[in-house]
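Okay, so here's the structure we're looking at.
Chain lettering (A, B, C, D and E) follows the sequence in which the chains are written, and residue indices restart at 1 in each chain.
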């Protein structure tokens, strides 16, 4: 009882401190120097209607490369940690079979989900989506396929191929930027186009397509590995 | 005029989310809670559409799409977990 | 108007967070934490951050919850 | 008939791509054409959901009629729910009944089950071979033939022409 | 003037949709067991979302595509998810309410439990091939 009262008192104290901070806070009326540069020159330099994408892919392109690498490492570590011996593996685990309805309906829904995912990452420079969100949606399509048939085996080779090809392509585009234009991941190697068109913003849609495919493959890899690990004998 | 009507619609949708929240808190079994989760996520799709209309930005509709897809998948995964089919 | 929506959703997500911490059944706690992310994503949208809202809906509320359930299923098999 | 499955899937995906992009510019059309040609190839190694769909003029006419029947039933269903929920005595009389269906094709069965779920007071609990188990909020008869007549037939007569 | 009228019609439809959403959640509260709750929740939330999006379409005719995709998606997925959920609830033996009249499925399962077990085994083996 005393413990609970103490916790509540502590929380109230913390709340009071934060309330003070919140009250004393005054937002910046003007943008800082960096933000100002982005706001003024972003659209002109990059040609993307979505400024966040412009910053994520071009100005801070190396960060994105790092994030994708981290995701790749996570997927690799999960497959490594869940690796099991062949003899511990139950090929056709007796699970409750799916309803026929889900099996049939998933064949209609999965293509729609994939289409939405592709739309999200191709339009990354125009809409709030982007490679990561589109990749997550595609991975959820793969998850629905697994859900419809628990013993469904998508081959790891296909996933690995998609992933490595898109990873290499990402880096290659970056290097092309050094050769043809100003520097690594410079997006002016393709024409900038008109602001707001699908084929605008130079190389950003291409990069985001590869990022989306890579993220989708990595997340699907995680899901497939975890789902496969359910078949392990205990 | 339209803004007032949309505001009324948003308030009713919010009320529906709150009422479903009551079922989520009470719900005797896990299945009850997932029904509430389903209704909340579908109502939230409508709520996001209303917010998009009030701010007059079409790009917010993409969020509603992603929301709809993942809400559906969440319900299915939990149901499969409950019936031991995962 | 938007402040009112944000307050309602914020209170709802506080309740969800309380359930996530204090409920004795693990699946219910996980669904509640998914619900918190769901509300958080609408709040991000109200704060005019659709990018963050989309990421939160896709990863925070979606895939994380689903992976939790897979792991929970694995643990359950071991206990049976 | 795999080509028919492929064709319908392609049309469906292309229409969804156009709806999502909300424009008819030539570059968007070309990109969508490419994607929706490739995607069914990747996803549909063995799937055959659409292969029983009949594309005759009569079937197309019937699908429009089915759509109207369905929308009408959906609206009726909601007023039914409203009546039950709002009346203080909560007039429900639930039970699980069995009905029979003659449909064989997969997509036809999906549409039948979904329509039953969205019509007044019924939803599909399980499909098994030719019988559907249906939770009925207001059981009027526990006889198989009688409930089949009440629940299934209004949709089945259209779906039979559309999907055989 | 014409435009204005369309907007008002759209607003009215959107309010109607949100009222259906509210009715669905009231049904969630009032109904006695899971299956009846699913009945009320699914139907009302499907039509509620569809009507809300339709109403917004009257106000913003230019957003047709997104609304249409969302309506199609909700129309396909909502019944499927409620079916899967009800089925799972039945299998984990969430009790039916006391006033339930008949339960044909239970009778069916009791009659040929052995046959069903056999069928399930055959089906699993087939899928594994």
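Rule of thumb we're sticking to: a residue touches a chain if its C-beta (ideal position, glycine included) is under 8 Å from a C-beta of that chain, and two chains touch if they have at least 3 such contacts.
From a predicted model like this one, the values you see are computed outputs, not experimental measurements.
Shared contact partners of subunit A and subunit E, listed by label, are B, D.
Common neighbours of subunit D and subunit E under the contact definition above: A. Contact tally for B-E versus A-D: the pair with more C-beta pairs in contact is B-E.
Chain centres here are C-alpha means, and the one lying farthest from subunit A is D. Centres computed as Cα averages put subunit A at a distance of 18 Å from subunit C.
Between the CA-based centres of subunit A and subunit B the separation comes to 23 Å, rounded to the whole angstrom.
Centroid to centroid, with C-alpha atoms defining each point, subunit C and subunit D lie 32 Å apart. With centres defined as mean CA coordinates, subunit C is found 12 Å away from subunit B. Residue positions of subunit D with contacts to 2 or more other chains are 16, 20-22, 110, 113-114, 124, 126.
Of all residues in subunit C, those that touch two or more other chains are 50, 53-54, 58, 62-63, 66, 70, 73. Within subunit A, the positions touching two or more other chains are listed as 96-97, 99, 101-102, 105, 108, 112, 116, 120, 128-129, 133, 137, 140, 143, 227, 230. Interchain contacts (touch definition given at top) occur between A-B, A-C, A-D, A-E, B-C, B-E, D-E.
Within the complex formed with subunit E, the subunit A residues making contact are 91-92, 94, 96-97, 99, 101-102, 105, 108-109, 112, 116, 149, 151. Per the touch definition, subunit C reaches subunit B in the complex via residues 1-2, 5, 8-9, 12, 15-16, 19, 25, 27-28, 31-32, 34-35, 38, 41-42, 45-46, 48, 50, 53-54, 57-58, 61-63, 65-66, 69-70, 72-73.
Taken in their complex, subunit A has these residues touching subunit B: 95-98, 102, 113, 116, 120, 126-129, 133, 137, 140, 143-144, 147, 150, 227, 230.
Partner subunit C is touched in their complex by these residues of subunit B: 7, 10, 14, 17-18, 21, 24-25, 30, 33-34, 37, 40-41, 44, 47-48, 51, 54-55, 57, 59-60, 62-63, 66-67, 70-71, 73-74, 77-78, 81-82, 84, 86. Residue ranges on subunit A touching subunit D, taken from their complex, read 99-101, 104-105, 107-108, 110-112, 114-116, 118-119, 122-123, 197-199.
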